Every structure is written in C-alpha cells, then in structure tokens.
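The same subunit A turns up in both complexes below, where it pairs with subunit B and then with subunit C.
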Partner chain A sequence: MNQKYQIHPVLKVIFTFSLVILLSFSHNFAFVMTILVYTLFSLSLMKGNQILAILKISLWVSLFTFIILLPSNKYSSVMITVKVFTTVTTINMLPHSTKWSSITGAFKFFNIPDIFILVLDIAIKYIVMLGNHALQLIWALKLRSIGKNRDKYQSLSGIAGNLFIKSVEMSKEMYSAMECRGFNGKYITLEKKRLSMVDLLYMLIHIGIVILFFYIGKIVE
Partner chain B sequence: MHIPDNYLSPSTCAVMSAAMVPVWVVSVKKVKKGITKTNIPILGIGAAFSFLLMMLNIPLPGGTTGHAVGGTLLAILSGPYAACISVSIALLIQALLFGDGGILAFGANCFNMAFILPFLGYFIYKFIKDRIPTEKGELFGILIGSYVGLNMAALSTAIIFGIQPILFKNPEGIPLYSPYPLSVSIPAMTIPHLLVAGVVEALFTAAIFSFIKKVSPGMIYQGREQKTKAVYALIVLLICLTPLGLLATGTAWGEWGVDEIKDVISGGNQPLGFTPQGMENGFTFNSILPDYTLSGLPDIAAYILSAVAGTSIFLILFKVIAAFKKETFDKNSKLPSE
Partner chain C sequence: MIEINDVSYSYLGIRALSHISIKIEAGEAVAIMGPNGSGKSTLLKLINGLIFPDTGCYRFQGQEITENQLQDPIFAKKFHQKIGFVFQNSDTQLFCADVYDEIAFGPRQMGLSESEIGKRVNDLLELMQLDAFHHRSPYHLSGGEKRKVAIACVLSMNPEVLVLDEPINELDPRTQRWLVDFLIRLNKSGKTLITSTHNLELVPEISTRSILFDENHGILADMQTQKMLLNTDLLIKANLVDEYYHIHDGEDHVHFHDHIF
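Let's turn to the complex of A and B:
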C-alpha cells in the first residue's frame, strides 16, 4: 500500500489477526477463495520488490504444504494449501506495509502490558544484531584455525556462551542508555492518527468479510 | 474462440505450440530491448484489460456466445510484441485457473488470439494511419484493424476446428475430435463474429483508445502526461460490468462440454448424435474456478471474484517482473511500436 494511503496501524493489526482466525475456522471453500482473492488484490497494490519478498516466502511454504498433503484427498490438499498461502501472505503483508514502531504502537492501544512491548521491541532488533555477532565470531574462529578441527562442537558451545555474555552486556548497556534518555519503562504513543476515509473503507471491507464468514461459512459442521 | 481440450488432436496442439515458440521468443526479445522498468506494469494492465474483455460474453445469433479480445487495442497501446505477451499470459491464466480454453490447446489459442489478432490488427491500423494521417484516419484505422483482426482470428479458429474431421477419423469414418468439417465450422464461427463480436471489438477498441488518449496520453505518446489512476478506474468499471457476460446463456460455438456435444445442432437440423471418441477418453484438467464459477457462491459474485482475481494476478505478475529488471536510466528508450 502506498505511503499516501497508509491505513491506521491499529485497524490493520486487528483485522489482519481477525482475518487469520476466520480463515483457520472456515470450512467453506468459497469463503477461503474469497479471502484469497482479497489478499491477492491487496498484494497487487504493493510495490514490486515488496510483492517479491512476500511471495517468495508464501510460495515456498505453500509448495511445501502441498507436497506434504499430496497423499491426502484432493479437497483438503487444495483447501489447506490455499489457507496456508493466504495466511502467510496476509501476515507477511503487515510488516511490509507498516513500520514496526507503528505495530508496537497498535499493541499499546490494546492495553498489552508495557513489559511485553519492550521485550518484543528489543527482541526483534536484537535477533538481527546477535545473528550478525555470531556470524562474526564464526568468521574470526575460521580465520584463526589451522588444519582440521575434529572438536567442532566445543567451539560451537564457546560461540554460544560468548554470544550469551555479549547479549547480557549489551542489554544492560542499552537499558542504561535508554534510562539516560529518559525512558522509565512506560510506552506512550505520541502521534494520534485520526481515521480517514480509507480507514473507513478498510473497516467496511473487513466487517463485510466477517458477515460473509457467518453467512456462508460454518464454524462447526 | 477459446478452443477447449480434446477438440483438437494432440498432434495439432503440438504443431500450433511449435508455431508459437518463435513468436514468443521474438516478442520477448523485442519487448525486453525496448521497454523501461516503469512501463512493464502497463503490460500487466493490458493483460488485465484483455482478460476482462474476454469475460464479457455477448449473445450471438444462433444461440452461441462470443467476446471481444482487445488484442488490437493492446497492440496499438504498447506494440504488437507486447500485446502478444499480454494476451498469451491472459490466456494462460484463463486456462489454468478458470478452465477457459484448454491446456493442450493453449498453443492453438495463442496462435489465434495472441498472434494473428494483434499483429494483423496492428498492421492494418498502421497501414491506414500512415495513408490518412488525420484524427479521423486514425479512428478509421482502429475500427477496421480491430474488426478485421478479430474476424481473421475467428476464421483461423474455424479452420483449425474444420480440418480435424478431415485428418483424424476412426476406421468407420467417424471423427475422433472436433466433428464438424470446414463447411460447417467456417460459417458457424465467422458469421456471428462478422455480425456482432467484430463490431463489439471495434467499438470497444475505439472507445477505450479514445478514453486513454484523453485522460492519460502518456501511455500512447512518449513524454506526455501519464495518469494510471484513470486507467485503473476503467478496469474497476470493467470488473463491475463483467456479470453482464452472464446474460449470454448459450455455450460458445466449439466450446461445448463432453456431455453437451451429443445434442448440439449445427450445420443442418439434426443433432450430432454421438460423442467423438477422442473427447470421451481425453485429457481432463480440473481448474480451481471452472468457467468462472465457485460452488457455494452465486454466479454473479463468483464472476466478479474471478475478474478481481485475474486482474490482481496480472498486476502482481508484471510488478514482480519489473522488480527483477534493473533500472534503466535511458529515458528515451521506446516501446517497439515506435
């Protein structure tokens, strides 16, 4: 979705999750196909490189699902593959179209405790950083080793231990840095966006989807 | 005009596909050379256009249906080579997802609708436009080009159908595949297209061309204002119009199902009375949305759903292709039509 038509992150988070839940409860092929088409439509509004990044994941996952389900009957293999494709695409579209800070801002709106948001916020950033750090350690080890190393597991535990110590140090440093900048453990959303016409349209579409679910789908057959 | 599977012998399908391979190769090369990264999604819009026009079935005299293709329009907007690719992809999606046109017959369908139609239509348009270099001459060229293009495609389809009973018979002389000879298939295909479908194609082409020329001249002339928003609006309008295609109830000539063909009356007053052998034990492919329907949804909703699905798939496909292509800084590179 274009920057210009940015949909309110709170709405996006609510409806993305509601879509996934409805999808997983639905036994109705027509409903699942409708959602698939809706997802494809919203995907087609995104930029080429974003579409590529999203499709790469969802196509691989669906291919894998399809192969695993091939021995089962035709109905469930198609149905589950379509469900998996749609769910993965929908979920993937959320971070690609919304800034991470807006998503945590949306969590705040749902009264999720600050400590969860803090952990989530830091975890996401640190997964990348620690991954890079681990890679650097492996390279350093490789450059320094001569000949064949039979005890690879020993060095592996060394890397893991080193990484853990490093992460503890880093987290302490970062928390102190955050305190120095005035962070007291509370998350406050600064910008309050007002609902625009696009948001209303988005809400209408998704309420329509919920009605459709109860109209053509049955939760328990 | 979509030939279903098992109407043609496998050897015909192979020959037609082989004939299309060089056309595709040349088209891809030409388009790759001449197109800029920003123009690739326009090919997707073109494919979406053609797809939607083909969904709008029109009732034709004789109880059958027909549709416009928009091949000439695409050829005028983005060059015949780009049109060939766009229509081919539209046909591929139709065959794979909606069961419209056969998988084996894909080559033959492309030959008629993605090769003969856009190239012939475009060259007639160009011929007339170069002779009469006025606004009216251009319009005249569009009307004649698209009319002749569609009818020649219909004629070619009829010939492909018509040679089947001549070439492929069982020992008793009963046709194995499409049962109607040239003397039946040519009038059955061409007369309705000459009278109605060709006129509709010409009118559609002229109307859409004038609309695009007015609101987004950049799509036709280089360096002019390009407003894709209006074109998207046109696509939305076409999507909303597609259920009109449901008003045409008959099955298009040459697109009957295996269960239907026995009772078809064509070329005389007798129903056919038998199901050709090659069709009964032929290749079947079950698409996800067969004939643009979905069990559990009303026909109109399924039709709109199919239209939206098709359009979205084309946009996604061509946006992804554009993402692969490296940015070219040559602002003067032109589409192959110029």
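Let's turn to the complex of A and C:
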C-alpha cells in the first residue's frame, strides 16, 4: 500500500493539469525532456503492476502517434511523441494514485459547478464501459467473419452506430442507477485534510517546474 | 407499503404498462413474471421512482411518488434509501473505480462517516464472499461477480424493500443456489422482496405470491405462487411454459424438455 504517501488530491489535480498545459505549450526540447525524466521518476515510485498498466497504454499511444507522424519532419515527430507519451502517462497516473471520489471532491473544492463534474464523471466512467462494449462487438464481428472480408469495414461503421445508440441508453441507465443509490447531482466536498511534508515537497517541485518553463522560455528568446 | 392504482405508462408512444393495480405489504416476497416485453422492468423502474405514471397513481408508505416530490433532495434521499434496485444489466449499475468504492457509494451519498462506511462495506464483502475483490475494478469481474457486487451496493444502504430485475439469469447453478438462499434469508429478516424472473423452478423459493403479466401489458393473474404453478393454462398464456409442460403426480416437481430437433 502506498497509502502512506498519498498526496493531497487538490494539489494533485492542480499540478497534474498545470503540467499537461505547460507541456503542450512548450517548444523547448530540454524542458520536455526534463518533464519526461521527472514523470518517469514519479512513475517508478508506484507499484509494479500499476507501472505496467500505465506504461502499456502510454507506449501504445506513443507508438501510434509516432507512426502517424513519421512522414513529417523527424525532429517534430520525436518532440510530439515524447510530449504525447509524457502527457498520457501523467494523466494516467492520476486515477492510479488518487481515488476518483477524491478527484471529484477536489473539483468541488475549486467551486466547479456540480453539473460540469457530473458530465465529466459520467463521460469518464462511460468511456471505460464503452471501451469494453466496443471490444465485445469487435470480437463478435471477428467470430462471424472468418478470414479476409471486405464487408468487415462496413460492419465497423455499423459497430460505431450501434455503439452510439447503446451509449445514450447506457448513460441514461447509469444516471438512474446513481439516482437509486441516493445521488442527486450534488458532489460531496472532500473531508478536510492537513498538508503533510510530502505535500509541501510535491508543491515545491511543481512550482519549480513552472519557473523552469518560463525561465527556459526567456533564454530561448 | 406499495400501492399502485390503475397505472398506465408509455415510452414515447410505446405502451409498456396498461391499467396496473397492485398492493404489496411490508415483508412480502413477490415474483413478477410474464413474457418478454410485457412490462416487468418498466414496473420495477416505476416502483423505484425512475419513471412516473402517465395516468393513475403510485404510493409508497402512504406517500404519493411524483416527479415533483422527488425533486426535493431530502425526500428523494430518504425514498431511495428505503428501496434498493438491482438492475437487469449489472454493467450500467457499476460505475466506480473499485469494488470498495462501488459499495461505499450509497452510504457516502447518505452522508455516513468514512469509518462507519468502512465497517459496512467490509461486513458486506465478507457476507457475500467478495473479500478478495476489494480493490478490483468492477468492469473486469465475471457476470456472476458483477451481480453479487451490484447486490452488495444496494444492501449497503440497508433498504427495507429490495427490487431485483431478473437476478438469477446468467448465473451458474451453484451461484444461483447461493443467491436464492441469500434472498430467502433477507426476506426472513424482514425485507420486502420484489423479483422479476422467468425461472419456474426457483420462483416458489423466492416468492409466496406471483404477479403475471400478459402480452398486452396488463395483469393476467395475481395469486399464490404454488397455485399459479399448478395452473398450466395460465402459464402457457404467460409464455412461461410450452405445451409440453407437465407436473408429475401433482408434486411441485417440474421438468423441462429440450425441443431442439
């Protein structure tokens, strides 16, 4: 259990997003590489199976990006691939290290309206569910169409349509299920928690990153 | 406790319930049966305040349940706490990151303290033999495990009425047995049980009374389960058996034939 080193969810949410934003704005390779190293370091503090789960996704996504970008300029394709890898890893680390209920609680802390949290909440829950559903449909398609088959692509568009109808119904039903269990559209604010030494250290590192971003930006100009 | 009076309901022009009247007392064990599309799930949604009658009225513990009434958050919380709903499709019912959070969701909405919630969740995990699943993601459980978690989620709110939509489908025989025994125990401990099912073998165990729907979304019969099982004509009318159904020596031993060829 790495429960002991839990970082305050509010800090976690702020700095994860600030990191992603800085990363997407940065044109500086040194800055991007620094963040990459930092991300890999924080990743190495997690549990083995979590590291594997996170890396699996980030590596696939980056590989995909790299292949798509390959025909373009070599420098920018490496840069973008590294950015994508780091962004996906950083975002993916958030739910692995912080409970989802604490994340919605952190949003609530910033006075984000419940309706926005709800949309985000359902969207995220449901991407996972839809992913599973799509996988099942694709398997069903594979089983029914053996060998090479031109109709496959047509069926794939059928899958997309089916998925859309299904998704509307599922999200409605999911909201009903939440209602049945006493949810009324209001998220609960986090229980108050004091900042620990680890939290302070975390904050310092991330403020350092923000300063670095602007400092490096100046040098380049 | 539950009073449904001449209720009709349509989904955007598609008839689903037609002039339904039912009264259910606290502590009863009732089965809802009928052909596919006859309106069983719709009735259960209505009982849980997810949809509202087009005409007629639904009362729960003497209080009429309307859309307006459920807009009141305090009333809605109380109402949903008293009545728990296990959906036909467990997938949409499970939406948290892990099994623990899933079961804790209801009690958290009720505003219980984290330590009390922890106790409830752990008790339920043990009771339902789900100890090993604590930190597993609900999406990656098997169908039967998902069903168990869905039931635990509802029980964690300690409802007075438990409504289950085809809970025994898709379960292997041993899990079916376990669930049926579990439901019997819940009913004995005083919980009102309303279950929709197509399973004639298990229905006498989980209910003393059966409500049969017909294809026109009305009520065909409302009688003791044991009596219903002896009334072959009625069962054929409700698509619950085919003409090959028979009972040996009047005992409640029922068996089914495969008519594949």
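The rule we apply is simple: the second predicted complex is superposed on the first by the 144 of 221 C-alpha atoms of A that agree within 3 Å, B and C clash if a C-alpha of one lies under 4 Å from a C-alpha of the other, contacts with A are read in each partner's own complex, and residues count from 1 in each chain.
Quick note on the criterion: contacts are C-beta pairs under 8 Å (C-beta built on N, C-alpha and C of every residue); 3 or more make two chains touch, one makes a residue touch a chain.
Worth saying up front: this structure is predicted, and the values here are computed from it rather than measured.
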*Pick one for A:Ile216: touches subunit B only (first), subunit C only (second), both, or neither.*
first
*Touch check for A:Ala30: first (subunit B), second (subunit C), both, or neither?*
first
*Should A:Glu173 be classified as contacting the first partner (subunit B), the second (subunit C), both, or neither?*
second
_After the superposition on A, what does A:Met197 contact: first (subunit B), second (subunit C), both or neither?_
neither
*Which parts of subunit A are in contact with subunit B and also with subunit C?*
none
*Which residues, counting only subunit C, touch subunit A once they are in their complex?*
45, 48, 50, 73, 76-77, 80-81, 84-85, 87, 89, 91-93, 95-97, 101, 105-106, 108-111, 114, 139, 153-154, 157
_Contact set on subunit B toward subunit A in their complex_ = 41, 288-289, 294-297, 305, 308-309, 311-313, 315-316, 319-320, 322-324
_Give the list of subunit A residues in touch with subunit B in this complex._
28-31, 33-34, 36-37, 40-41, 43-44, 46-49, 51-52, 55, 78, 216
*Complex contact set, residues of subunit A against subunit C*: 95, 99-101, 125-126, 128-129, 132, 170, 173-174, 176-184, 186, 188, 191
